[in-house]
Each structure stands twice: as C-alpha cells, then as structure tokens.
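Reviewing the structure listed below.
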Amino acid sequence: MSKVPALELNDIHKTFGDAEVLKGISLKAYDGDVISILGSSGSGKSTFLRCINLLENPTKGEILFNGEKLGLEHGKGPDLYPTDMRQLTRMRQQVGFVFQSFNLWPHMTILENVMEGPLNVLKRPKHEVVEYCEHLLNKVGIADKKHMYPSQLSGGQQQRVAIARTLAMDPQVILFDEPTSALDPELVGEVLGVMRGLAEEGRTMLIVTHEMNFAKEVSSEVVFLHQGLVEEKGTPQKVFEAPESERCKAFISSTF
Amino acid sequence: MSKVPALELNDIHKTFGDAEVLKGISLKAYDGDVISILGSSGSGKSTFLRCINLLENPTKGEILFNGEKLGLEHGKGPDLYPTDMRQLTRMRQQVGFVFQSFNLWPHMTILENVMEGPLNVLKRPKHEVVEYCEHLLNKVGIADKKHMYPSQLSGGQQQRVAIARTLAMDPQVILFDEPTSALDPELVGEVLGVMRGLAEEGRTMLIVTHEMNFAKEVSSEVVFLHQGLVEEKGTPQKVFEAPESERCKAFISSTF
Amino acid sequence: MDFSVIVEYFPRLMQGTWVSLQLIFLSVVLGGIFALPIALARISKNPLISGLPFAYIFFFRGTPLLVQIFLVYYGASQFEVVRESFLWPILREPFWCAIIAFTLNTSAYTAEIFRGAIQAIPVGEVEACKVVGMTKVQMYRRILLPRAFGIVLPAYGNEIILMLKGSALASTITILDLTGMARTIIARTYTPIEIFLAAGAIYLVISMVVIAIFKQVEKRQNRYLGPNPVKLPDDV
Amino acid sequence: AADKVRLATEGAWAPFNFIDSAGKPQGFDVDVAWALCAKMKADCEVVTQDWDGLIPGLKVRKFDAIIASMSITEERLKVVDFTNKYYSGGLRFLGLKGEAFNIADLKGKVIGAQRATLGAQYLEDNFADLATLKFYDNQDNVYLDLVAGRLDVVLSDELPTFDWLKTSGNGDKFEFKGDAFLKEDNIAIAVRKGDKLKDKLNKALDEILADGTYQKINAKYFPFSIY
Amino acid sequence: MIDLSGFGNQLLLGAAVTVELALASLAVGLVLGLLGASAKLSSVKTLQWIANGYTTIIRGIPELLTVLIIYFGATTVLMAVAGLFGYEDYIEIGPFAAGVTALGLTFGAYATEVFRGALQSIPKGQNEAAVALGMGRVRTFYRIILPQVWRMALPGLGNLFLVLLKDTALVSVVGLDDIMRKANIAVSSTKEPFLFYSAAAVLYLGLTIISMGVVYFLEKRANRGIKRA
C-alpha cells in the first residue's frame, strides 16, 4: 500500500445560502480502504460525498487525488470552482459515483448505458468495450438483460447496472450515496451482495449507507457525521461497539 | 364477543387480464381482532385488502359484513359489481381504509379533511363534528396543525391525519395497507405508535405490513399470503416462531 | 411611418376594443358554462353518453375557427328554414353569430381542459372518497370539482388568451371589433403598418392583464399546493 | 424581375374581375389588363389580392398596378396615382323588389357595402348617424347577406350589380332603387406615385380604345358602352 | 371526389398549399423553438430577455394580426434594411413567405415553452450521472439530454402542429390559395356557403386526423423500450 492516499480531503466546508451544512470535514482514503459514512438525515453525508467530485461546489477546503491537488478558485458567490476543467474531468473519470436513485439514462439500453463511458469518454475501441462491459454485466448478474431498457428492470437490477456503469470506467475510488435506500427491502440484498464482492476485490470505496450490518461487516473504517462535522471515527468495532460520543451511541442503538 | 364475524370473506378471487392474482382467500374477523397480513411483494396483499371494500372488483367470492351479505353480480367482464350502490356506500362508511400513500385531499386543511366524512357523508351536526374531530387530531398528536394544509406536513404527520380521517367515520373495521412503508425510517415510529394505541383500544383491524416486530406484538392473528393463496395462518407465536410452510419460514427469516 | 394616425384614430380603436372585450367576455363565460356538462359526459365510460361530446369536441378542435364562423354566419343563413325560424332574430345579428361560434369553439377546448384536470387528480384521492362512503355526486361536488378547478386554472387562462386572439376573426363578419375597426380605419388612411401595430399593442396589453389576473387567482386558489402541484397531462 | 409588370385585381367583383373554377382570374378588368400588356409588349402577371389590401399592397410594392375597377377619389389620390379612366360607373342602391323607395326612408335601415369602396365611403359620409352600416370584405358577401335578409339595402357600383341581377337568379326578388348617382365616377388603373408605368399604361389605353380592342371586350360583358 | 360544381379539384389544390404552408412553418418554428428554449435557459440575461420578449409579444397578439403585420410590414422593414446595404431592388414577400414567417414565429413562441419544459423535465440526476463519469457539458447535452428532449417534447409539439394546421386558414386573408381561400372563391361563384365551408371543414378534419396519426406513430417510435409511468 502506497503512502500517498488515493483520496484526501482537507477541511471541506459547504454553505447553502445561510446554512452551513459542512463545517470542515477531513478524510483520507488509501488504496483498498472501505470507508462507511453514517449519520442521521440532514447531517450532510450526501453533500460531503457530492463535494468530492464537485457535483456540489464546496465553499472551502482541499481535494487531493493521488497527492495531486485539484485546482480550485473563488467565483462570484462563496463557492469554489475548478481552475482547470480538464483536470476536473480527468479526476472525475477516476472517481466513480453511484447514486441513490440510479440515474440510468432511460433512452439507452442496459449495455449502452454501461458502454457510454469507456466508448465515448475514454474512447476505447468498440470491440474491447463490448467484451469488457458484458463481462461486468455478468459480474453484477444481469448479463441476460443487456438489451432491455432501464424502465424494464426492477430497482435492484437498475442499481446493479449503475454499479456496472461506474465500474466500466475502471475508477480508482468509488463513492456510493445510499445505494440501497430507494429499493424495496427484498431487493436490497442483491445490491449489497455486489458491493460486498467489490470490497473483497480490494476496491477503494466511500459508502454512505443506512445498512448497519453491512457497514459493520465490510468497512475498514467508519465515520459518523453530525451536523456537518465528524463526530466519531474509527474501526467498525470501535464505532459500533464502543462509541465515545453520546450522539453516536444514540444513533447506533436506535438503528440496530 | 358476538358469534357473527364483523367481517367475513369467502373464497375471494381476482384476475387482472390473464393473471390470477387472488386464487380464493377466505378470512373471518371478529370484533376486536387485529389481523396482520404478510407476504412478499406481488403476493396479492393489497389486492385482497382492496377487494374487501370494492376498490377493486373481485371476480368471485362473498363479502359479509356483520352477517349481511354484500350483493354482487356479474357485469360485462369477469368482475363482480355491487347490485345495490347504496348498500355498498353504507358498508364503506363502516369499513375504514388507510392507504400507503395517505391520499389526503390537498385542497382542504387538516381539520377539513377529517371533518369531511362525518359532516358531509354522515350529516352530523357541525358543532359536534368539530369537537369530535379536534379530539381525534389530539389523539393522533397533531391538534396544533389543524389549520395547515397536507402539503405542509411531513409524511408521518400526514399518515396520522389519514388515520384520524378514518377514525372520524367511527368505522367498525379498519383496513391498513402498508401504512408506514412510504415513510422515512425515522417517521415510522410515530404512526406505529398511533396504531398500537388503536389495537389496545380493541379496534378491529386488518393490517398489511412489512413491520414484523410490530405485527408480532399487536396481532391476534397473522396470515401469510403467497401467490394469491393463504399459505400459513395462526397466532403470531405460531407463524413467527414455528411456521409450517417452507416459504413462510424463508420469508420470516429473510426479513428479521 | 406616420404615428399621428394612431393618435387621430385612437378613440375609434377604443370603440373596437370595447366590442372585442364584450365578445371575449360573453363567449368565455358561456363556453365555461357549457364545458362542464360536456366534460362530464365525455368522461363517462358509457359510449352512448361519451360519443356525442367526443364528436363535438373533435369537430370544434379539428377545424379552424374561421371556418366555424363562416359556417354559422353565411352557411346557416343560406337556408330558408333557418331564416324563417324563431332563431333568426339572433342569427341575423353578426354579433350573436360570433358569440355562437366562439362559444361552441371555446366550450370544446374548455371541456377538454376540465376532463384533463379531473383525470389528473391522483387516483388515490378518488379512492379516499370511495372508502369514506361518498356517493358519486358527493365525490364530484366536494372533492373532484373543487380540486379540478385549481388544476384547471393555468390551462384555462391560456384558453382565454386563445379566445382573445380568436376574437379578431369577428372582423370577417362585419363586426367592428378591434381588428375590424383597424381594417376600416386602414380603408381610409392606407396606413396598415401603423394601425395594425397599434391594434397589436392593445391586444398585448389585454392579454397581459388577463395573465396577471390569472396569476393572482392561481396563487390564491392553489395556496394549499406544496412544491409538487399536479400537472395537466400534455395532451390537453 | 425589374421589367416584369405585376397587375393586381381583386377577384370578387363579377363581371369585372372574378376567379373561375380553374382558379384563374377572369373578367372585364383582366381582359383589359392583358390587352394593355399586349400593347406595351410587357411581361405581365395578374395577381389577386383582397380589396382592402390592394392599395397597401401597391404601396409596399407587392405589385405595380391595380386594375380592379377602382374609382378615382381624392383620398386615394393622396396615396397613389391614377391613369386615365378605362370605364365609368355610378353608385346605385339595391333592394327588395316592389318596396317603395325614397332616400329619406333609409333612416334606421341596415345598409351594406364593401369595405374601402366608394359606396362605403359615401355611406360613412352621409348615413353614419342615420342608418346601421355594415362593411364587408368583398362584394359577394354583401350579396349573400342581402339575400339572407340581414341587409335592407345595398349600395354599390351599378354595373356589377346589373350583372348580378341578371346572372345570379335573384333578379326576380331584387331591383335597383332610385337612380344612379356619382355618375362622374371614373374608374382607372392605380400605380405608385410618380411611377413611369402610368404613362405607358395611358398610351396603351389610348391604343386599345383607338383600334377597337376595348370595344370588343366591352361587348363581351355589356350590351352598351361603359366607357 | 364529389364534383362540388367543378370546385372540388380547386379545394384539393388548396389542401396541398395548406399542407406545404404548415410543413414549412413547422420547420421554421422548430428551429425558433429550440433557439428560444436555449436562450431562456441560458445564463446570459440578454438572451433570456430577448426570448421572453419574443414569446410574450407573439403569444399576446392575434395570429390574424401577425399575418397582416408581416404581410404589409415585413417588406417595408426588409427593404429599409436592404437599403442600408445599398440594395434597392424590390424584395418579394408573397403570401406564402409572409404566412411561413408569421406562423413560424407563432409556432416557435409556443414551441419555446414546450422545449423548455422538456429540457427541465429531464431529471437532474441523469445529467449528474454523466458529469460524474467525466463527460463534458457539450457531450452530455447531445448524448444524454437531446435524445430525450425529442421524446418529451413530442406530445406538446404534436398539439402545436394541430393548432398551426388550423391557423393556416388565416393566411387566406392575404391571398394565399389555401383551402379557405379556395372555399371563399367557390362560395363567390356558386353562392353555396354551407356546402363549401362544410367541405373545407371536412378537409381540415381529414388533415387533423392524418397529423394525429403521424404524431402517434412518431411517439410510439420515440418511446420504444420506454415504459410510460
């Protein structure tokens, strides 16, 4: 394991209007880390994750990818904007993002959804891409649906496609924002299964989730956010079994 | 307790097009019974509940309310239609229904929603209705919101209004179709609390739910549906701890 | 361009504006009144009841208003029976012919708007009526119509604007509405651009006033709607 | 396109100009137009345009001349030039057969005319406060409403009405009322102010009057001279 | 076809003109609509301002007046502009060109709103998904957004086309030989208004039905594989 973190965030702040949603969050993820981010609704988990690849513009802070700092500068408002769009685009290609609501493109088939990135963004040759993407769809267990459209799939299947779409870019880090919370209880298992596989492969992942058992089982580190700050962090054993903070304790006990 | 069931369903069938969704379900609910209906998605729980007060027209079967049989006759298609709309209307006034998605009327305030039934359907005098409905809103814990509109309330609050609206008709039986599954995890407790109170009052209720702990705790009887048939039924102890059917066993273990 | 003609003929343009306003007001009110029963009949599942409104709506939405006006004004008066009937005192007046054509036309469009609104009410709200044991009449009176009224407003505002613009066609059957007056003035002054622009500006002002009024009404009527108001389906 | 001469007519003023069932403009005006073109050796095109758009259209150069039985009036002279007359007419009232008629009786009656014509202008100037006036986009609609009974009396040019009484099958129900007036009504071709085309047209007009072409055309439509 | 006193053929010729006018105006209107929607959604204030002015004015003025203003006014304006560039010759704006301009402007103003609605109805998440993959803004627009706009806008555009089809009748007042004017001419000559206006109505209904069929077909094609909620 290299000594440079794959992803490093320093003192990330974010305000929406008058509300300070993130009040300075720092985090390091080394290759192979699986970091779970917990916290009650509104604590800023999604906002933090979205700041990482600038789906949301932070108001303060540093983002480093493999030790390379993402250039940020102030625009008109309080937000920070990328100095160099090409640097950002390059970084985004290496940081995957899996959304709560899948966000598949409804006008493309499953296979087209997955191929879009490697084919049109990375400009890989088509035959290679087809083969690789079919392999990925196989891996997430929906190779047989590849010519169907997203609306013809169940939520769990759609989320697995979304994961395959992210994997197709072969990102170094994958961010997951509550990937199972839009799913019916019975479909959650399918997606968690796929994610468990990725963790075992040694993928670097940041996961926002409400599935405590899952977090406990796969994480190398757990971070508990509260009102825009890191309230508690450590190994799953520590955070789940012997949390120091009262709030973390209350949260853990209410959700188990 | 009278020997005549408050609600009796005999051999209810329902087909949608070619698909037979209910294949003959019978059930008796005596005064004070709390019957939970479980089953995996698509097993026909909602359809069964909706057949009881003819939100869905069954294709075969008998519905008796306090021993009075609801007149049904065939129309053009395979469905059964009420012979006498007035009988159905009378019966519906005595059978409450709480929806998964609340279905409050958005153009009326909370209080108006609750008063609508007793005032305009049952034609009770206004001053009486106001007093009674305020009492009910108090009971479900949202008396202070009575002049607000549904869109201004959280999901859990809306569902409690919906329950108050149903109670305002003072129905003999209340049907609940997954009353908490459209709610965020943190709001579920509020609604289950109100329902627990109703069960303790001795209300007759049929509840479709995924909340196993709740079902276990409040039910006098549990019915497990599978592919349109009753696969298992009995006391909560029996169904949850010693289910006979393999499928029921698998379902119970997967959801606990 | 010679803008002094606009000043000179402004009083006559105002006369025409007054006629236009009368035409619009009467046809919108009458059209609205007829539209509701047509919409309710159109919703019926019984083809015997919904067939006629369907054909009616189809005809009036499928042909140009200009054709409809000519049919009422010149077409009907071609027949001896019409001219001898008790309706003739009304049908001989171009003003009433315009009202008839506009009312028939706008009631067809408005009926479709009502139908769309009633059908856009989430089915759950209708089921909630059923389960408290409301009769059909109670359901329409207490829930569906008040609800539809709120949903209908934006589309209905649009329909009034369309009627406002359609009313310009009254000028083709000798009525001196705003457009008719403009054309008559031009017959004297031969300054089409100036006078038509002036008339256009007056129409624009009227429609802005209508839009502003509807914004206000909508705000009041729909204050109960949270962030996600029900939208009319596209095909209305 | 510079040498092409576009002549506009209305197409709803039988027998002077109308459109036949093949969609072509026909009539006295149109025949005269072609005869003039032949004399001028010009490349001509005859287009149609609604009556009240004729002068506006001429002004914005949609065409170069109007040959549509247009009377020379002072108001028109302010915006266009006219050639010499190519025929003359007069105004005459038209009403139900058998009814007694007196100009004074028109008070309170409904009188119709085509918008932007000499007749309409006469009515506006003399009857605006006395009778109900109705103006139409074209003369055919005036007749339609007269037959329908919406109009008591119509004021229009005598010659086309003469033709209408003869050919439309309504001659047994309607008749001229009173005598023709404004007989000095000279009908001519309108051109843009200062356009040289006027002189060419005048020259050609003289030629067809001189060589008998005009008389032949006249005879095709009327049993008497309308010049 | 019934003979209609020899005017049946003329009415059919008129129908052809009506269709040509409608299709030409449609093409102009679609372009204007896309431009208008892009302007309204752009962050440039001036563009928003122009687009808002355009849609407000056009939607507030009767189509009949728009046709008349363009027919009588556009030549003057155009020639004044051309005069600035030293071009003095006559510029022809016939009834057809005036009709296409007026109806295209009208269609474009309404289509602006349709396209805007369609653009906005595409869930933000789809855009974000593309951005998160490292797609640029331009590629995201034409790979992800545009293909869906067409599908979302189709029903609205279909309605607008039906309105446009009927508005073509207005161009008859400036002398275009469409269905309506042919009917007027036939009435002139035969004195049978009821017959010919009814015939015109039937022709318009026929065109409406055909257009509805085409729109239905297009919608079905555009919605291949996409289940309507």
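Letters are used for the chains, namely A, B, C, D and E, taken in the order the chains are written, and counting of residues starts over at 1 for each.
Note that in this section a contact is a pair of C-beta atoms (placed from the backbone, for glycine too) under 8 Å apart; a residue touches a chain by one contact, two chains touch by 3 or more.
Computed from a predicted model, the values in this text were never measured in an experiment.
**Q** On the document's contact criterion, could you list the chains that touch chain A and likewise touch chain E?
**A** Where chain A and chain E might share a partner, there is none at all.
**Q** Name the two chains that are joined by the greatest number of C-beta pairs in contact.
**A** C-E
**Q** From the centre of chain C, which chain's CA centre is farthest?
**A** Max centre-to-centre separation from chain C belongs to A.
**Q** Nearest 5 degrees is plenty: how much rotation brings the CA atoms of chain A onto those of chain B?
**A** 175
**Q** Approximately how many whole Å separate the CA-defined centres of chain B and chain C?
**A** Roughly 45 Å, centre to centre.
**Q** Can you compute the centre-to-centre distance for chain C and chain E, using the mean CA position of each chain? Integer Å is fine.
**A** 21
**Q** Whole-Å distance, chain A centre to chain D centre, using C-alpha means?
**A** Each chain's C-alpha centroid was found; their separation is 82 Å.
**Q** What whole-Å value do you get for the distance between chain A and chain C if each is reduced to the mean of its CA atoms?
**A** Centre-to-centre distance between chain A and chain C: 54 Å.
**Q** Among all residues of chain B, which ones touch two or more of the remaining chains?
**A** Residue numbers touching two or more other chains: none in chain B.
**Q** At least two partner chains per residue is the criterion; list those residues in chain D.
**A** 53, 56, 137, 144, in rising order.
**Q** Of all the residues in chain E, which ones touch at least 2 other chains?
**A** 72, 76, 173, 187, 191, 193
**Q** For each chain, which other chains does it touch, given as pairs?
**A** A-B, A-E, B-C, C-D, C-E, D-E
**Q** In their shared complex, at which residues does chain B touch chain A?
**A** Within the complex, chain B contacts chain A at residues 40-41, 184-186, 210, 254-255.
**Q** Under the definition above, what is the set of chain B residues touching chain C in their complex?
**A** My answer: residues 53, 55, 85, 89-97, 99, 101-109, 116-117, 120-121, 149-152, 162, 165-166, 169.
**Q** Taking the complex as given, what residues does chain C use to touch chain E?
**A** On the chain C side, the touching residues are 58-59, 61-68, 70-71, 74-76, 78-79, 161, 164-169, 171-172, 179, 192-193, 196-197, 199-200, 203-204, 206-208, 234-235.
**Q** Hey, which residues of chain E end up touching chain D in the complex?
**A** Interface residues on chain E, with respect to chain D: 5-7, 10, 13, 71-72, 75-76, 79, 89-90, 92-94, 173-175, 177, 182, 185-189, 191, 193.
**Q** Spell out the part of chain D that touches chain E in their complex, as residue ranges.
**A** Chain D residues touching chain E: 1-2, 11-12, 14, 18-23, 47-50, 53, 56-57, 60-62, 137-138, 140, 143-144, 147, 168.
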